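Below: a set of structures, written as structure tokens.
Each of the next two complexes has chain A plus one more chain, namely chain B in the first and chain C in the second.
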Partner chain A sequence: MYSYLLPEFTVKRLEDRCIRCRVCERQCANQVHEYDGELDRLFTTEEACVGCQRCVVLCPTNALHVQPRTADYRPNCSWTRDKLQNLKKQAETGGVVLTGSGNDRPYRIYWDHLVLNASQVTNPSIDPLREPMELKTFLGKKPDTLQVTYDNDGLPRLESGLHPNVPISTPLVFSAMSLGAISYPAYKSLATAAREFGTLFNTGEGGLPAHMREEFGVSAIVQCASGRFGVDPEYLNSARIIEIKIGQGAKPGIGGHLPGEKVSADIARTRMIPQGTDALSPAPQHDIYSIEDLSMLIYALKETTNYEKPVSVKIAAVHNVAAIASGIVRAGADIVAIDGIRGGTGAAPLATRDNVGIPMELALAAVDKRLRDEGIRHKCSILAAGGIRCSTDAIKAIALGADAVYIGTAALVAMGCTLCHKCYTGKCNWGICTQNPYLTKRLNPEIATRKLVNLLKSWSHEIQELLGGMGINAIESLRGNRDHLRGVGLEAWELDVLGVKGAGE
Partner chain B sequence: MLVQKYFPSERMVPEKDMDACGLFGVMNISGRRFGGEMAINAIKNMKVRGSGLGGGFAIYGLYPEYKDYYALHIMFQNQNLRAKHEVEAFLKEHFYVVYDEEIPTNPEINVFFPPIVWRYFVAPQKKSEDQTVTDDEYVVNKVMYLNTCVEDAYVFSSGKDVGVFKGVGFPEEIADYFMLDKLYQGYIWTVHSRFPTNTPGWWGGAHPFNILDWTVVHNGEISSYGTNRRYLEMFNYYCTLHTDTEVLAYAVDLLLRRQKLPIELVARIFAPPMWETIERMDKDQRELYTALRMTYAPLLMNGPFTVIIAHHNEMVGLTDRIRLRPITAGAKGDLVFLSSEEASIRAVCPDLELAWTPPGGEPVVVRLHSRDHLLSLNKSI
Partner chain C sequence: MNGLNVKFGMRDNFLDGLMPVSKLLEYADINETKAVIDARGLKHKELNDLLRESLQHGVSRIVINNVFGQRYIGTRLYDPGREKVTIEINNFPGNDLGAFLNGHRIIVHGNAQDGVGNTMDAGEIIVHGRAGDVAAMSMRGGRIFIRDNVGYRAAIHMKEYRDKVPVLVIGGTAQDFLGEYMAGGILILLGLTLQENDLHRANYIGTGMHGGVIYLRGHVEQHQLGREVGIRPLDEKDKEIIRNYVVEYCRHFDANPEEILQGPFIKLLPVSKRPYGKIYAY
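What follows is the complex of A and B.
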């Protein structure tokens, strides 16, 4: 506990409602609530509260209210509460201020400034309740053309060979969240939901436990990151897609951080590291110092998997992302994943998370345009990640040029996460971002799976409704179709980068 | 290949035209040439499908005496003679012009701001650096240059033994203006009547659209226009007219002429079967159709359309995958008809032997000396 630091939250207990059941005390891993038997009273240590709302939700009499404590220091637009608190923390420890989850700074969210089109008169809208509305998407490299021959019966036959492509039933894919960063029940729920719905989950850089490979490999994107945790030929061959993780939207320029406290026996085995050691991935991949090195790793992975699996390269959206993406495609990648400034993480330095990278919307538009200018857009699929909050964010990303989107934070919220940003402490009261067995058993994988499947289902339905409204009955006809977007409240340069007309233009 | 028009941003690309239309096509499958009476009367019968803002005809077997030369029909807007001089200097530099003349018109017919329309019969005059380019590719390049880089000049058509006549007006007025029924014969006639909903119409914007001997007449509003246009740009097709029809015409050129795919499969690219249907096919066909949809996903023409595509020896009718715009086929003897409405076929051929409505995505392929068009009859609705 820091000295002279004001609490971030106020915990209010309505004494006349409290029945001293002590649920709050048991549920709080931060030890905010403490029961005094002699006085028959619950006391609170507000300084420890992270505002995760677990106790509030579980209190049977609604006796608890946890609210941000904002109006305490003298208001100051420059020296805000956050800035003061961080200075005090640094003064006390000399360390780097850590945080978890995604960027919460008020950078412009372009999704909220883009509106969608609908058909009126000159072409009919299509009713998804009565007509087919297709969301099937293929991830991988597409050829320029196909060769077809006719057999003796006069039937056409495919002559050309194809690059490996992976079909997904909806353009929504769970993004990389490693076992270690998240709990086994959370990880397993993502895998089960992806398999059930016919889409994919991403193992992150923490490997895929051997016992899960046979059942869930068919729905897995496995990562090969700079720490190479858990990477061996069997791991690579068990998966559907292999992803080389170069960067992450929440912390461009640095590697993954898994504190030793979270490295339990199972995680140590999967990651192939000693139990209890910090798993700190190097900032770069030490065998990739240039684009030709990347190409060598791409082809090494393809060789290992007999050219049967698409290879994805995930990068953080940074200033010259378009040129980098073009290099990645030319280096032989089948998929480019772009993670924007609002992408989440289990642990990152606050300075990096909040200040490095660019919004995904702009990055995506720039990448899509660059690849088209160079005539190579079809040679890869684009996966957009970082701050996709709802189905309309997803559909707008597809209209800007993405093939599919990665959803991470949204999936965590579906399982119970309340975005308290304390993932790095390993004390997640919701059992998602912790390895403490007392906490992880709170997350029932069957219930969490249902919630995730429902999330995919409801977003898919909403995407179908919106597509039908635009008079489109297959998702591929919206891909890169910026005619169906208009900007509201954006400046000319922003519209230019997005390649979208202003509303009324 | 073609000439890119530079836009600093995608958002500067002009809005596309929208229109609804009437279509008609007739072909004699034994190749016998006939006059324009049927085409003109049929489209007149569908007057309500047009608004007098665009009409046009494509005729195959038009210039048998010049059938070895590319016939360029070029219009010059705003009576711009400077454009004509510029075009002619360009033609002289890049082609051998064997004959040229003004296309005769009837001065008694009143039409909206008629341009000067001239025809040139030409053969490529290739420089050494062009020797590796095929004649067709060479002509396409030059036509695109004229269309994008010479103000007020626009090439109506550029094929051999084929010509397009079009303009602002009802199609029967355009026919009268160019005296089509009196002067010309052909073995395929396609015709279009236009009902634009957001532009006043200009002579170049009328259908049919043409590249070499390929012509397209089209009715519909393609909701996937942005996706289609941006994919075609990767293959160096730059849409200068900003109509749905233009993307269809370029997609036809890319798939049929450059990639040499059979029309039956190109129809499945424009209007593919549902995934559900593909999953029920046998293994080989499933593989083929999955590959087609996956590879050519950006060329799925989504939204309502009917199109009649023609080139020498072939006329093809197709409607979108869920048949949001109608097409009807008819046949009598050697004559095969395609039309937006059955009534207009019956109006010009009262003793029709067959009339059928193909389902969405099922092409009617009318071929010279063949009965392939009857393949769609079995699947008709």
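What follows is the complex of A and C.
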């Protein structure tokens, strides 16, 4: 605990409602609440509160209120409370300030400045409840042309060779969250929900436990990242798609450290490293210093899996993202995944999370345009990630050129996360981002799976409704179809990068 | 150029203009136990198609002649149901030799390039020559013997789990960042290509190392070592490990173990299992 730091939250207890059941005390891994038997009273240590609201929602008598406490220092637009608090933490430790989850800075969220079209008079809208509405999406490289010949009986035969493609029932894919960063129940829930709904989950770079490979491999995107944790031929061959992780939107350009205390026996076995050692992911992959080297790894992975699986390359959205994406496609990738500045993380330096990278909307539009201009857009699928909060964000991303979107934070929230941003402490009271068995057993995988499936179901239905409103009956027809978007409150250069007209134009 | 709408041209160096396997079989002589492949002019994928074909014929030994830079030799031989094979390569395999290797044995009569045994899982690679950069990168099991020198960042991020301990034996010396980020495994550097009293070539040896062990024969100055490693004297167990692998090295490359074992040897160990545990403010 730091000295002279103001609490970030105020914990109010309505004494006349409190029945001393001590639920709050048991539920708080940060030890905010403490019961004094002699006085028959609960005391609070506000400094330790992270505002996760676990105690509030579990209090049977609604006796607790936890509220942000923001305006204690003299108000100052430049030296905000966060800046002051971080300075004090650094002065006390000499350390790099850590944070979790996604960027919370007020960068422009372009989704909120884009509006969708709908059919009026000139073409009919479609009602998805009664008419076919296709959300099925194929991830992977498409052929340049389709050559069909007819045999003597007049039956058609496809001459052109096809590349491996993976069908998903909805353009929503769970994004990379590794076992180790998140708990086993959370990981298992993502896998189960993805399999049940016919979409995919992403193992992150922490491996896929051997006992899950047979059952969940068909729904897995497995990562090969700089740490190469748990990467063996069986792991790669068990998966549906292999993803080379170059970067992550929350921390472009840096590696990762899974602290030794999180490397439990199970995590150690999955990552194939000794228990209790730091799992260090180097910043670069040391066999990739160029597009040519990337190509080498892409084909090494294709060789390992007998050219049966698409290979994805995930990059953080950075300044030259369009040129980089073009290089990635030319290097032989089947899928390009772009993670924007609002992408989440289990742990990242605050400085990096909040300041490095560009918004995904701009990056996505730039990449899609560049690949189209170069005539190679069909050679890859694009997966957009980082700050997709709702079905309309997803559908706007598809209109800007994505084939499908990755959802991470939204899935965590569906399971219980309240975005307290303390993922890096390993004390997640919701049992999601922790390896402490006392905390992880709070997350029931069956219930969490249901919630995730419901999330996919409701978003998919909303996407169908919106598509129908536009008079479109297949998600493919919307991909890169910017005519269905208009900008509101955007500058000319922003509209230009997005390739979107202003509203009314 | 594909003659379509691709403006800047896009040629796939790996997949364009490949021969079908039926045609490729003309380049191979496969009988019940052995396959001999003439790799002259074959592309990466074509050669590996033939290797996979040979494996599926159930051979136990594959000889590849006229190898000039073809990559990923041994990588596409993941087939859990089959016996492991021995592959002899004449003379110069390309990058990522034995990447993700799954228990097979590869013998190279010549030099190897970058990425030998990249993320190798099990098996053995023996190189009668030198190897390029990032040899044994992220290796997680099996053994690699390199007769002469290696390039930069050998054994980077090698890791171990319980009895699955990878071993890299280098007969010569290495370039910078040897054993960087090493998280497990055994790395033995014999320095046989150096003159007596010469220093090893590498700087930043074992920088960021947090597991495993490096045995180094010959001389290094303190400034050549990363901050995260310390020099320790050898105990009896270390000597036994060194003896075993030196004897094996000599068996492969026809050298005299007693001469090599005279040393001097030092042992490098990581100072901490958690080198970066204290750099953060929570």
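Note that the second predicted complex is superposed on the first by the 504 of 505 C-alpha atoms of A that agree within 3 Å, B and C clash if a C-alpha of one lies under 4 Å from a C-alpha of the other, contacts with A are read in each partner's own complex, and residues count from 1 in each chain.
Here, contacts are C-beta pairs under 8 Å (C-beta built on N, C-alpha and C of every residue); 3 or more make two chains touch, one makes a residue touch a chain.
Keep in mind that what you see is a predicted model, and the values were worked out from it rather than measured.
S.K.: So, does A:375 touch the first partner chain B, the second partner chain C, both, or neither?
M.R.: Both partners, chain B and chain C.
S.K.: Which partner chains sit in contact with A:296 here, chain B, chain C, both or neither? Use first/second/both/neither.
M.R.: Touch status of A:296: second partner only.
S.K.: Who does A:122 touch here: chain B (first), chain C (second), both, or neither?
M.R.: First partner only, chain B.
S.K.: Quick check on the superposed pair: does A:282 touch chain B, chain C, both, or neither? Answer first, second, both or neither.
M.R.: The second partner, chain C, only.
S.K.: One more residue to check, A:145. First (chain B), second (chain C), both or neither?
M.R.: After superposing on A, A:145 lies in contact with both chain B and chain C.
S.K.: Would you sort A:424 into first (chain B), second (chain C), both or neither based on which partner it touches?
M.R.: In the superposition, A:424 touches chain C alone.
S.K.: In the superposed arrangement, does A:93 touch chain B (first), chain C (second), both or neither?
M.R.: After superposing on A, A:93 lies in contact with chain C but is clear of chain B.
S.K.: On the A-aligned overlay, A:320 touches which partner chain: chain B = first, chain C = second, or both, or neither?
M.R.: A:320: touches no partner chain.
S.K.: Do chain B and chain C land on any of the same chain A residues, and which?
M.R.: The answer is residues 145, 375-376 of chain A.
S.K.: For the complex, which residues does chain A have touching chain B?
M.R.: Chain A residues touching chain B: 119, 121-124, 126, 131-132, 134, 136, 138, 142-143, 145-146, 148, 155-158, 160, 162, 165, 369, 372, 375-378, 470-474, 476-484, 495-502, 505.
S.K.: Going by the contact rule at the top, pick out the chain C residues touching chain A in the complex.
M.R.: Per the stated touch rule, the residues are 2, 4-8, 10, 12-15, 44-45, 48, 52, 71-72, 75-76, 78, 80, 95-96, 99-100, 102, 114-115, 118-119, 121, 134, 137-138, 140, 153, 156-157, 159-161, 164, 180-181, 183-184, 208, 210-211, 273-282.
S.K.: Spell out the part of chain A that touches chain C in their complex, as residue ranges.
M.R.: My answer: residues 86, 89-90, 92-98, 144-145, 224, 226-229, 231-234, 236-237, 257, 259-260, 268-269, 272-274, 276-278, 280, 282, 286-287, 295-296, 299-300, 303-307, 330, 332, 349, 373-376, 379, 424-425.
S.K.: Which residues of chain B touch chain A once you look at their complex with the stated criterion?
M.R.: It is residues 8-11, 15-16, 18, 20, 197, 220-221, 223-227, 230-231, 233-235, 259, 261-262, 264-265, 272, 274-276, 284-285, 287-288, 291-298, 300, 302-304, 321-322, 324 of chain B that touch chain A.
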